[in-house]
Amino acid sequence: MTTTAAIRIPANVPEAMRATYTRNMQRLTHGTGRIMLFAGDQKVEHLNEDFYPFKAGEQIAAEDNDPRHLFNIAQAAGNSIGCFATQYGMVSLYGPDYPEVPYLVKVNSKTHLVNVSQGDPVSTAWVTVEQIVRLREMSGLNVVGVGYTIYLGSEHENVMLAEAGRLVADAHAAGLPVVFWIYPRGKSLLKKEGDKTVNLEKSPKVITGAAGVGATLGADFVKVNPPDAVDGKSSAEWLKVATEAAGLTRVICAGGSSKEGASFLKELQDQLVIGGTAGNATGRNIHQRPLDEAVRFCHAIAALTYGSRDVEYATRVYQGQESFAI
Amino acid sequence: MTTTAAIRIPANVPEAMRATYTRNMQRLTHGTGRIMLFAGDQKVEHLNEDFYPFKAGEQIAAEDNDPRHLFNIAQAAGNSIGCFATQYGMVSLYGPDYPEVPYLVKVNSKTHLVNVSQGDPVSTAWVTVEQIVRLREMSGLNVVGVGYTIYLGSEHENVMLAEAGRLVADAHAAGLPVVFWIYPRGKSLLKKEGDKTVNLEKSPKVITGAAGVGATLGADFVKVNPPDAVDGKSSAEWLKVATEAAGLTRVICAGGSSKEGASFLKELQDQLVIGGTAGNATGRNIHQRPLDEAVRFCHAIAALTYGSRDVEYATRVYQGQESFAI
Amino acid sequence: MTTTAAIRIPANVPEAMRATYTRNMQRLTHGTGRIMLFAGDQKVEHLNEDFYPFKAGEQIAAEDNDPRHLFNIAQAAGNSIGCFATQYGMVSLYGPDYPEVPYLVKVNSKTHLVNVSQGDPVSTAWVTVEQIVRLREMSGLNVVGVGYTIYLGSEHENVMLAEAGRLVADAHAAGLPVVFWIYPRGKSLLKKEGDKTVNLEKSPKVITGAAGVGATLGADFVKVNPPDAVDGKSSAEWLKVATEAAGLTRVICAGGSSKEGASFLKELQDQLVIGGTAGNATGRNIHQRPLDEAVRFCHAIAALTYGSRDVEYATRVYQGQESFAI
Amino acid sequence: MTTTAAIRIPANVPEAMRATYTRNMQRLTHGTGRIMLFAGDQKVEHLNEDFYPFKAGEQIAAEDNDPRHLFNIAQAAGNSIGCFATQYGMVSLYGPDYPEVPYLVKVNSKTHLVNVSQGDPVSTAWVTVEQIVRLREMSGLNVVGVGYTIYLGSEHENVMLAEAGRLVADAHAAGLPVVFWIYPRGKSLLKKEGDKTVNLEKSPKVITGAAGVGATLGADFVKVNPPDAVDGKSSAEWLKVATEAAGLTRVICAGGSSKEGASFLKELQDQLVIGGTAGNATGRNIHQRPLDEAVRFCHAIAALTYGSRDVEYATRVYQGQESFAI
Amino acid sequence: MTTTAAIRIPANVPEAMRATYTRNMQRLTHGTGRIMLFAGDQKVEHLNEDFYPFKAGEQIAAEDNDPRHLFNIAQAAGNSIGCFATQYGMVSLYGPDYPEVPYLVKVNSKTHLVNVSQGDPVSTAWVTVEQIVRLREMSGLNVVGVGYTIYLGSEHENVMLAEAGRLVADAHAAGLPVVFWIYPRGKSLLKKEGDKTVNLEKSPKVITGAAGVGATLGADFVKVNPPDAVDGKSSAEWLKVATEAAGLTRVICAGGSSKEGASFLKELQDQLVIGGTAGNATGRNIHQRPLDEAVRFCHAIAALTYGSRDVEYATRVYQGQESFAI
């Protein structure tokens, strides 16, 4: 089965930008309604901890320390990625060498240094949509969308919701689709139950709520974390609830946390087929691998996401025993 | 008795926007001075907790998980609803499929994750009136008003009052009527009396104050919660005090909290007839029902609100034994 | 003795707005240099507590619950009031029915829910001068000035001083005189002296300081509370010090707190004659009375303020035994 | 010896404003490079405490309660003062009566009600440079510069440094020289040393730092408090270090705290001659005296500052036995 | 070996500003890809503590108290420095006397008075890029870039990241290269480990992260502190990791902390050769020396940085036994 989906144009995309919006959505989804988002914003979000050589006990390709590795993957993976999500500054520095990569500009970012026990998270926009549009126009780079992270439940939630709301209006006005990363986080998600603290960040109710907030913001895509498997339902089954709650806003999800390729792909397939997600946002599971393996992994993910192939097929793609192109 | 009311035009509606303002008020009130506001902003305000399947022990229609359910109701209910209040993003995503629905854009929203014991509430604007007007103009969608929530008594009250004040001026300048949800909330409303804490959020004095603040802001409508029945007066009798205090600003109120249709309608009727309210803002009591039942419930509410019928008639409408149309 | 005073035009009133400024000052003062300000902003400042029916043990006219009562008084009192001070929203809603009332737009307001022990007060602008000017121009309403409240000594003092400073420049640029309500308030005014707390909010030194701040802001009028009678001086004698400290900025004061008409008028007369004030800002002492009585009370106040009559005469005006008109 | 100094024009004064800048600097310095700044902003900074009649045990002229006293002095002192520093509002109210006075608009001000133990100081701009320039243009008043206070070491330091930085750029763009009052203040200046608290606000190191910050901001003048006499150096000797650290930015200083004229003048002379300061900012030591005496005191200060006369001569000027004019 | 590097132009430099950007980069790097940044912003950052005469027990040239000393060095060192980094105000005051010096405007600065135990650091922009560009245009001064400090891990991190992000877009739009000083600082960097506190500000992982953040911001250069020598690697070896992580964004580093010239140069050489850095940012190690020695020291640093000479050669340059010019 190949998922196909006509591209709907939200009402806040002006006439003059409809072709641009459609072209960008087409590049993101290849007409399938699904997206394979290659996430490369971790240099801030996790500082260099996801990269060589700081992850103790984990095997990370040495080349993953150089930001260029991300761009090399994005370029080599071609159509298998819908977009490469990274900060404006990265696009401006490396873009000229990689003019064909479809960029999704991640508008805000924060480090993980201040943790929740010290203070609730807040992350604000580094650049305006106007600055992004100017970059697109002056450089001819293929900027296909923008992204923004919201920490729902933070004491500073309103700062991010307000920026996010304006962002959708401004981005759509420029023909740019929007992806929100919505992560419930903050002291409000840590409930005392007797002696222990229960972390509600990934409870199905809260994850479903996050997906729904994406819809109210008018996002094209919303990325949530996979919900906890509780109350007799698997994570993918709970995702199904969340994807329904998000309606026209397509839910994407982190693939599995497993570094092992086949089990990652299996989890992703469950998310797509059982959970009804519209794709994935995958970062370190791709870029921590050497270039060739990373690219094959992108193709494998694309085989599931864009090609609606099965896990076995995708696994063979990852292992280089099969090729997939879209 | 049918309530009729000429449409007054506030002094801050410019000449060129008077026809627009009048048309919008007419759509909201059908010339009765009353409004039936279908509230569909809960995906943020209550996350997904009002929706299927998270409400433990409550029967919620399965279709209520999909945002489209809200739009389906709004469309099918036709003139029985004065407006469907939801976020800008929802309007931009679903509006093209539901071009006839009268939309009231809810400008700010927050989740309920941070509760008052952790911090006083603050909710700020997601979009500007200018962005809303641009949406109206570029899409031709029927945006008939804007809404905003104020948490009176919050330590951040001034942030919301300042946004609300400017909102009225900007919205009226664009011919858009304004509805405020004014909820007294925050530590200041929780008074220690000896060992126990008294919650003043719904005390008649405070609710009347909230209604009066709506007037000072120049709102067209102000939504308050039904006041506590105390000091020998019923909630509806205290509402009468609040509606007088609001003067030309029409007070609307949540219908009953009861899920049972007939008792809900009875409470609403008391609010209208005894309390002098100008209508209701009803959300989950509508959308938690299946489409047909939800639509009949809208018609039943409309029979009271716009038709000035009695509860028995309205109950029959809800039960499908009678039809009501305006 | 009739006080007369030429109208001085501050240097920040542009040439093109001098006639407007002069006309507004003339309407406020009737050429006497004094002002009778009818304050009607309490629906926010005190919520509905000053209004019927919440004031326990006090007799308040039932009609005082309806905002229209304020406008009815303002209209019926005619020239006896220099202006009716209320929020922008009130003017925009009721103005069309009361086109001859001289309005002073109260730019900021806050509720009294959060008290000083919970947090220092902050009140910020609801509308811009530009929005007020647009209202004046589009409606032709008689907006004769603007007002703003500053809580001196609050930890947020700088927010209000900064808004107030810009307000004077913007308002004078539009020919609008400015009235500041300057109230010292906040934890800094509550000094521990041994076991007890001394409230310095009305100490002569602090009140005189507040009056002086009005001058530094370039206000036309500054309203202060009557200072405490201490150190062998009456409140009115201390007011004399404050009015001297304010220089060209005219000090106005709350009349007496007494609800009893004659004693109120006596206190006011002392403020004018002994204290050298330029009038009064009176709210609940007027609007808590029935319309006729309220209007006669306005005339009585005007007899003192504008007419420089004696207390006996004014009392007879209040009692309907004498008439006063300006 | 008469100090003379050519007027340097900073690089951020545009061509079209060079004549204006030069004329203003000439008015401030009379070509000597030194400035006699008459400070009249205390109505806010100290509320009315510096003025009649609140200073217990001090003899203050009764006329000093009226703001006009400040203007009378400024006018009568003529060229002996380089400028009269006061708030925008004072200039706009009194300026028309005193068109020849050279005004330096003090852009920010705060009261002293909240002390450091309650919270670190913050003072923000009351008006924009654009509003000041408009005042200058519409009124023809002689606005010769702007001033701003920075509380270095406050937790809110960055707010003031950011406003100050932009202020210099904006003011110089309009041909207006800038004076900063830089006062180290806040909990960071109160160091615990064992049982006692050492106040570092006037330590030579910190005062020298404050002077240097004035240079980095590009100020024309920086006012600092006289440093403590410690480590075998007098206050004036430490000032020499500070004036060197400030380079082209000229350091001015409060004259002595003594109310006694001759000793005040002696301290000032030490600051000028030993400390290398470029003048003084004197407020209450002038305006607390009766008009005639205050004016003679201005002439005496000018004799030292502009005339480079000796203390004996200046003292005679103060005593009316000698006259000085520039 | 002479390092040479073509000048890459980031995608956010518009066509019309490419020549300007290239000329500025050429001035900074002399075509080597490396930069010798003479840092002169310490008058704020360290108040006057780095300057004569406050550094107890250290020999600082007396002339170093005068800001002019910095400019004299910058001018005399000629091409040996890539730029002189100082505040806008310093450039505007002294620039006219030193028109050939290449200036890098340091946009934000803070004092060190409030330390981390009192509050997390925040430093915000003093001027806008627009104001800097206006300075460049009106004065013809050689402004070759802008700089900004970010305290990563501060609770106020987002304020600085947001300003920094916009700064790059605005600066590149004006053809101005950007240098970030990224210092991890705040309570989050002080980890309790049992009884003691471990300071992570210079841990290799955190320093590498800081370098990577520079890349995500799109900076041309990022200055980090030398990482701690831990886990069997020297500081320079860890720098190699950081420079790789920064990719196209060139890492610069403080030279050694040693005041002794030869050992300073040895450390710098290790950073360049082993660490792969692209130069250095050196302040007090230069300006605390007398002019001649300071200039020779600049030449010595340039011999390593721009000339790729060896330490022995550079040491001889510093000692005046050899000359170096570029």
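The chains carry the letters A, B, C, D and E, assigned in the order they are written, with residues numbered from 1 in each.
Just so we're on the same page, contacts are C-beta pairs under 8 Å (C-beta built on N, C-alpha and C of every residue); 3 or more make two chains touch, one makes a residue touch a chain.
Treat the numbers as computed from the prediction; the structure is a model and nothing was measured.
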Quick one: compare the interface residues of subunit A with those of subunit E and tell me same or different, with half as the dividing line. different
Between subunit A and subunit D, what is the separation of their C-alpha centroids in Å? 57
Rounded Å distance, subunit A centre to subunit B centre (Cα mean): 35
At least two partner chains per residue is the criterion; list those residues in subunit B. none
Select the category (line, ring, star, complete, other) that matches the graph of chains linked by touching. ring
From subunit D round to subunit E and on, the chains in turn are D, E, A, B, C
Residue ranges of subunit E touching subunit A (in the complex, touch as defined): 8-12, 14-15, 152-155, 157-159, 161-162, 164-166, 168-170, 172-173, 184, 186-189, 204-206, 208-213, 215-219, 241, 244-249
Subunit B partner contacts - residues on subunit C that touch it in the complex: 41, 43-44, 47-49, 51, 53-54, 65-68, 86-96, 108-111, 113-115, 118-119, 122-128, 131, 134-135, 138-139, 141
